[in-house]
Amino acid sequence: MKSFLYPKLNPPSFTWVRPEAADDAVKVHEWIQPLTAEADPEKRKDVDFVVVGVPLSRSSISASGASEFPDAFRRAWKGFTTYNLDEGVDLSSKVAVDVGDVPMHVTDIRRCHDNIIEASAAIQDHFPTSTVCAIGGDHSITAMMVKGMHQASPDEKIGIIQFDTHFDLRDLSDNGPSNGTPMRNLIESGVVKGSDMYNIGLHGFFNTKDLKMYAEEHGVNYITLRKARKKGIEETVLACLAALSEKVDTIYVTVDMDVLDIAYAPGVPASTPGGMTTAELLDGVLAVAKHQKVKAMDIVCLDPQKDSNVQPTVKLGTHVFLTFLTGVMMR
Amino acid sequence: MKSFLYPKLNPPSFTWVRPEAADDAVKVHEWIQPLTAEADPEKRKDVDFVVVGVPLSRSSISASGASEFPDAFRRAWKGFTTYNLDEGVDLSSKVAVDVGDVPMHVTDIRRCHDNIIEASAAIQDHFPTSTVCAIGGDHSITAMMVKGMHQASPDEKIGIIQFDTHFDLRDLSDNGPSNGTPMRNLIESGVVKGSDMYNIGLHGFFNTKDLKMYAEEHGVNYITLRKARKKGIEETVLACLAALSEKVDTIYVTVDMDVLDIAYAPGVPASTPGGMTTAELLDGVLAVAKHQKVKAMDIVCLDPQKDSNVQPTVKLGTHVFLTFLTGVMMR
Amino acid sequence: MKSFLYPKLNPPSFTWVRPEAADDAVKVHEWIQPLTAEADPEKRKDVDFVVVGVPLSRSSISASGASEFPDAFRRAWKGFTTYNLDEGVDLSSKVAVDVGDVPMHVTDIRRCHDNIIEASAAIQDHFPTSTVCAIGGDHSITAMMVKGMHQASPDEKIGIIQFDTHFDLRDLSDNGPSNGTPMRNLIESGVVKGSDMYNIGLHGFFNTKDLKMYAEEHGVNYITLRKARKKGIEETVLACLAALSEKVDTIYVTVDMDVLDIAYAPGVPASTPGGMTTAELLDGVLAVAKHQKVKAMDIVCLDPQKDSNVQPTVKLGTHVFLTFLTGVMMR
Amino acid sequence: MKSFLYPKLNPPSFTWVRPEAADDAVKVHEWIQPLTAEADPEKRKDVDFVVVGVPLSRSSISASGASEFPDAFRRAWKGFTTYNLDEGVDLSSKVAVDVGDVPMHVTDIRRCHDNIIEASAAIQDHFPTSTVCAIGGDHSITAMMVKGMHQASPDEKIGIIQFDTHFDLRDLSDNGPSNGTPMRNLIESGVVKGSDMYNIGLHGFFNTKDLKMYAEEHGVNYITLRKARKKGIEETVLACLAALSEKVDTIYVTVDMDVLDIAYAPGVPASTPGGMTTAELLDGVLAVAKHQKVKAMDIVCLDPQKDSNVQPTVKLGTHVFLTFLTGVMMR
Amino acid sequence: MKSFLYPKLNPPSFTWVRPEAADDAVKVHEWIQPLTAEADPEKRKDVDFVVVGVPLSRSSISASGASEFPDAFRRAWKGFTTYNLDEGVDLSSKVAVDVGDVPMHVTDIRRCHDNIIEASAAIQDHFPTSTVCAIGGDHSITAMMVKGMHQASPDEKIGIIQFDTHFDLRDLSDNGPSNGTPMRNLIESGVVKGSDMYNIGLHGFFNTKDLKMYAEEHGVNYITLRKARKKGIEETVLACLAALSEKVDTIYVTVDMDVLDIAYAPGVPASTPGGMTTAELLDGVLAVAKHQKVKAMDIVCLDPQKDSNVQPTVKLGTHVFLTFLTGVMMR
Amino acid sequence: MKSFLYPKLNPPSFTWVRPEAADDAVKVHEWIQPLTAEADPEKRKDVDFVVVGVPLSRSSISASGASEFPDAFRRAWKGFTTYNLDEGVDLSSKVAVDVGDVPMHVTDIRRCHDNIIEASAAIQDHFPTSTVCAIGGDHSITAMMVKGMHQASPDEKIGIIQFDTHFDLRDLSDNGPSNGTPMRNLIESGVVKGSDMYNIGLHGFFNTKDLKMYAEEHGVNYITLRKARKKGIEETVLACLAALSEKVDTIYVTVDMDVLDIAYAPGVPASTPGGMTTAELLDGVLAVAKHQKVKAMDIVCLDPQKDSNVQPTVKLGTHVFLTFLTGVMMR
């Protein structure tokens, strides 16, 4: 089986088998369909949501198995229905496709990053009206996904809403485009301005002071978790969106799962005590997804190999994705 | 040792040894006593709380070890005192007995269910004024416990307060009386009306749309977790009780532990991200237990084999039970 | 997608995606292909190996997730090549198909068992010359698989080689056809004579004396692990085959994974200290598979949910299967 | 390498190696320096924070590995920067030293306790103006640390703020100065008055009624978690400080990590369902540390051997320590 | 319930409930009965095997939960029959009693040790013809059990067979009678001569050279695992017994579970790579138990809290005990 | 602190603190000393053993945390004495130094590999008579260590003894110099001839047929585990050494820990069922180390993050290292 963009993308490594009897999708794995090279080109026009796996984590500073998340994510679909009971939204009335995984190289990380840029641009070309969900992988992929979008539409100004415990503004000259650098990468390459970045969730003792100074020099907006909690997560998100949407054409949302408290996210090695609760993150993601200018998102830094037995973090990552789609449908 | 209803019930598989020196019970395992066939029949009149184990989980859709919970629950008693410090309530001033376990058959699930109905009815006959706590087992037992109560007192109208992430309204014609069906089972058998059921805690992507439609057709009341949180869990419970107590004689409370967020309940395979916190569930259970019409409860779907090392979920299940008893004493 | 025998069999719940570039199968998941209803009937004649999943474990005495093994088994294929380096045998020169899973019912265990019998008979009808590998599930399925073979060819006398820590000769009148009963079930139903059963691996304190007496009354042959070790596992197997093949037309091999020492098989809850090592079991399975009269086998009682982190037991179960196929090819 | 008080204290069992390039400390392990016997005595005057390990847990009622926490705590430093982003406070502008561990005896618990008293007094003598952080160990060490302070300055009246699920007022005549007795030990030895103790966080079924009666007889102040939550944790702490600071010269803070909900603290075997969240504890600790009279603190009952894979509890314990230091700097 | 020697011994903390229907014991938990103060004194004469729990591990150099083994051991009985299939021996034809646990003090280790000596002597007085099995606890208990035997029969010369990775000959003046010292303790107290000690299983890098020199100075016999394997474990044991039985009246067997390879014994923190396999230890224990002069044994240093999920080590410890009993019956 | 070759090498991230009292090293962490830039150059002449950490695993095909092994290895030293009791060898009479870690780059794998080559050559230059032990890291480092040796002494012919489940002969044109390629890398770069490589331990279904064909074309010698077991591991090693030492000047030993059975090596994700036992590997390593021409070794592919709770694999890796040193001392 070829991916539709083959050889640019690998097909997912497995596909769910849809039971004969099921005429309507009721579970997510019955709803999201792999898009193969053989698929009718006409069908691509109707696509609302595009899922792409970005299985790269050898660019992580600390050893990471986040490259395993795209597969774990797809396996988790079976445990979710398409119906959001809280909001009364049924995802299955929309069309969602899984275009497979960006191909990676074992020892050439630069080539991996180039592949992501290329894939991101190609997806924008083929699905200009769809919402794109990139499933990481580590945070280095965010810079590449956004660069791909920029390459596809150089005239569109892109802004970023980031849920994160860290600035991710490390110096690229230290260790190259690692998972600690995506925001700085975008600033320094001129793709996104610092003042068009809004980081929600910073807290504790997990950023050095010089990164904060860099952020301030470049006008990066950040709201610490303590402040966001006092204002309300939803209200904080709405305020950021209001300010950002004045300045940009397109908003990209990046969810670094390490924004969560470690009690909620054993499968995110970089998560810490004092982070967001599940309810807070889901509220924030739902709020951001409702905004018209949000066109793409990613979920990064979730390492299924470190998750505990019953896979709370993999399930939570999948829930974040579905909650984002729900928000999009509520626009 | 025989159970008092032998051969209807098996005695618990072990008994705690009470230290000689202890004149007063200070730990739960010193307080709750097994009730054997040899016990003085007169003693049964004074019983306030009846505990019965219902170790059935082969009726679960997914493989479950919830059948191990009654024993794990009894072992956990040793870690709790009888004194609730928050409320200043000492359980040991009441009489609690453990009547053992409903006997189960390995390959005949229908016989298991019949045994539960029979045991439930017998307990009602012997302890008409006691509060009954059934320790599951999976959720299929709820229908059987309630049917047994109905059989014992056919004229009493029964209503249900349910803490659950799911409707549990699946079609019995698909796979028989599994753990996905108890509420529908009670509706279809005419034992409880849909409009006398109140489900608190539904959320996320864990129910199909057709179940919601069935719920609405049959008048099942449900308050999603998001709504309950906005109103307050305690206030939500009180509102449900106010409405329900107008309509029925007796209220049965069923606590499906999957209502909890998976971070709090690793030992509940069906728990999900975005569910209740421990504090929310304990508040809800305390509030419901204070109502005069509440006569029985169960705790279901907790699989100790999947719990993590230090057994947070088994301890939480035991805490739910003791909090319920505290509420009853505060009436 | 329909299974080829649909609705008798469910298709596997997922299928591996074969990379475009691969012209020759080098990994097991590229080699074993699902057989769908659409497949050319002519193709069925060439099948050497038939894999069928039998996901039933609610018939287990203790709570078991062995029903999850067929899926875990298929996922594990990706970690194995088709080439056995020790023996220089390449499995990929043969044709292997996966016919999917026997459909199960949640609350009617008898119907599950009937489905297995029916499926086993149907497989024999369609693939009379293939070697059949049934992937359990618990040990109750063995009686049903053998009954199905007997139903398909009533005149063929069947004998059994069993690797097991237990006799599995429990009385069916106690708890029905549970996982403790398959051998007795076959004796009492007249399908296999006790004297045509050879049990290798019994040891320790894991069988009651009365089961041993039953075994002796019915002429069941058994070689304790201690004796088998002294003689050599391979030599023991050869001696059993020599005796058994004189008496029967067809030999069925059943591998209860609890024959292993618990240090090697954390994912088999019934495994015990003092059981077989991995090397011993693989030697035994290779030896038995080389015999011309061996026509079918099963692997049972492996619960992937209890396996440890790196899944040693799931991998070992898969290795047992591949080693069996290797032996068949070496005939 | 000798500790500066050698042989009174053992040096830490390992030291972090500071990279040559680093001119400024940015990580905690680069900031806190071991203080050896060779260090310039003049340097001791400038010390703001003194860390001392107290690796004793064989005095615990239940088997405990809390003696391993001081080493685990030091290893965890590497994961934290010195910069608190929420408060904009940089710890590295202060001087912090690690004076090593109090030496312990394997079979003579009394000698262990005497060593702690002696070490605590010696630290007060050498660092009269520093804030002292004792890293346990179990809760029995609190009584000894406070006794040492009392010995060093007999005229200073000491009060205690305690975060705890338990009273820790057990009778010393039962089992000696175990981890269940420190508060009673201090009352009965006349070192701290019951009315100068404030316990925040008691809840559930984890204290016997007689302990509450003892508390009330001796005027021990306690605010149950339920009440503290209603008032607000920070407000509760401030109210306690206001009352206590009127009565005493010095305040000692003891953080029994079992005050946390077990979902947040798998590495604290005595933690329970219904305890504090991480956010609540951190808020409380920050508030208390800001008070001028707070001179010392300890963190106890954290057993790293029971922590889960990604060490959430060890990280949280370290976060509590750093948050305390932040509060001190905000005075 | 009192223990028969109350207050010298605590009763076990729980007792198994024997099903009514069972007329004959078939499982170990139905066979071994608690011996209470109320039991007919006449019954004590017939006792073949005495089990006593010795739940002390706060005397361990490293933090240990071996104090939890006696309870875990009793809970494990349920998983074993009384019938040893390898040897055709049925334990249930003998009388076995559980006299409960030696009472321990939380903070006075010396008192714990005195209690063990006293209990051991008392058991010898009451059951002079029984075989005594002490269930530790850590290895410090061995010295105390043997001292108690010596106290009961000062004229009987005692020798020791020890299965161990370590000499356990550490200097008592360093840290008192810890788990590293029992053999030296017995030599220095004159209770057992070094030349009447035979240590089987030493290996690797787990003993300092000076301990070996002490061993040689005092004539302690030791056979490294490498040598024992070459000769055969059973043959090694027989050779030791032959030599030792010439010199002493009574043989005490101590099984330090750390003699096992860590792959077989995750629940023994001091076990190491390169130790015995399960089969080797069981062979050794069976061989030693057959000797007429063996009168008592212990199993030590097994920490159930560190065991993995399916409890392989607890099961193995129980198997060692039952195998020992089997050997005794085969005399 | 600088490493002696700084900036070529990073110092180890921590150092053990040697207790004042200890005049002689008895534990490994007291014996092996970090070698800093400040160390007397004269001291380098006396060095017998050089330890160097090579923390690279982002070159692994599957996500790996083997980069964490050097630190885990150093932490494990504390659990081992310097005295090998089996052989009566005391390592502490020799001089061992830890030169720290080869510096790695996060996103430039080629630079990592170049650093290893450079460090290996430098170590050969500084310590021409020492035995070098490289602690990986994944198997890609082997090619680089050997290339460094070759660079330092281009005229010395190097041969390799490899313990491995895999050939590690994958095509470099597929994915660059990953952990699947080191042997091919050395062949293709002309550094080592295929016929001077001896691979012991291949087994099962873990190599594709084409790799075997490549091996045979290039004369790579391999002895499957099955054959090695029949001949005896020690005898196999001796036979390989006899043949190889005729052909080369220097022998490099590489121990891929995946040669072990997965039951013994949970911390080696690539280990498989049917691999070596601990005893077999230790025997093989001891035998090979005794040979005069063996000058260097490495231990690779051990991922401490995947090890189970009590760290059996980390301990085993450390044991392999110490056993190797023992063999060297027995020459």
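So that you can tell them apart, the chains are marked A, B, C, D, E and F in the order they are listed, and the count of residues begins at 1 in each.
Throughout what follows, contacts are C-beta pairs under 8 Å (C-beta built on N, C-alpha and C of every residue); 3 or more make two chains touch, one makes a residue touch a chain.
Because the structure is predicted, anything quoted here is derived from the model rather than measured.
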Path length in the contact graph (subunit B to subunit F, fewest steps): 2
So if I look at the partners of subunit A and the partners of subunit B, which chains show up in both lists? C, D
Which chain's mean C-alpha position is the greatest distance from subunit D's? C
Which of these pairs, A-F, A-B or A-C, matches E-F in more than half of the residue pairs in contact? A-B
In terms of C-beta pairs in contact, which of A-C and A-F ranks higher? A-F
What whole-number Å value describes the gap between the mean CA coordinates of subunit A and subunit D? 40
Could you tell me the distance, in whole angstrom, between the mean C-alpha positions of subunit B and subunit E? 43
Could you check subunit B for residues that touch two or more other chains and list them? 263, 306, 308
Chain adjacency by touch: line, ring, star, complete or other shape? other
Those chain pairs that satisfy the touch definition: A-B, A-C, A-D, A-F, B-C, B-D, B-E, C-E, C-F, D-E, D-F, E-F
Considering the complex alone, what residue numbers of subunit E touch subunit D? 57-61, 63-68, 105-110, 140, 175-178, 303, 305-306
Hey, which residues of subunit A end up touching subunit D in the complex? 202-210, 212, 224-226, 229, 261-263, 266, 269, 271-274, 306, 308
Show which residues of subunit A lie in contact with subunit B when the two form their complex. 26, 28, 80-86, 90, 263-264, 278-279, 282, 308-310, 312, 315-316, 319, 322
Using the touch rule from the top, collect the residues of subunit F that touch subunit D in their complex. 1-2, 6-7, 10-20, 34, 78
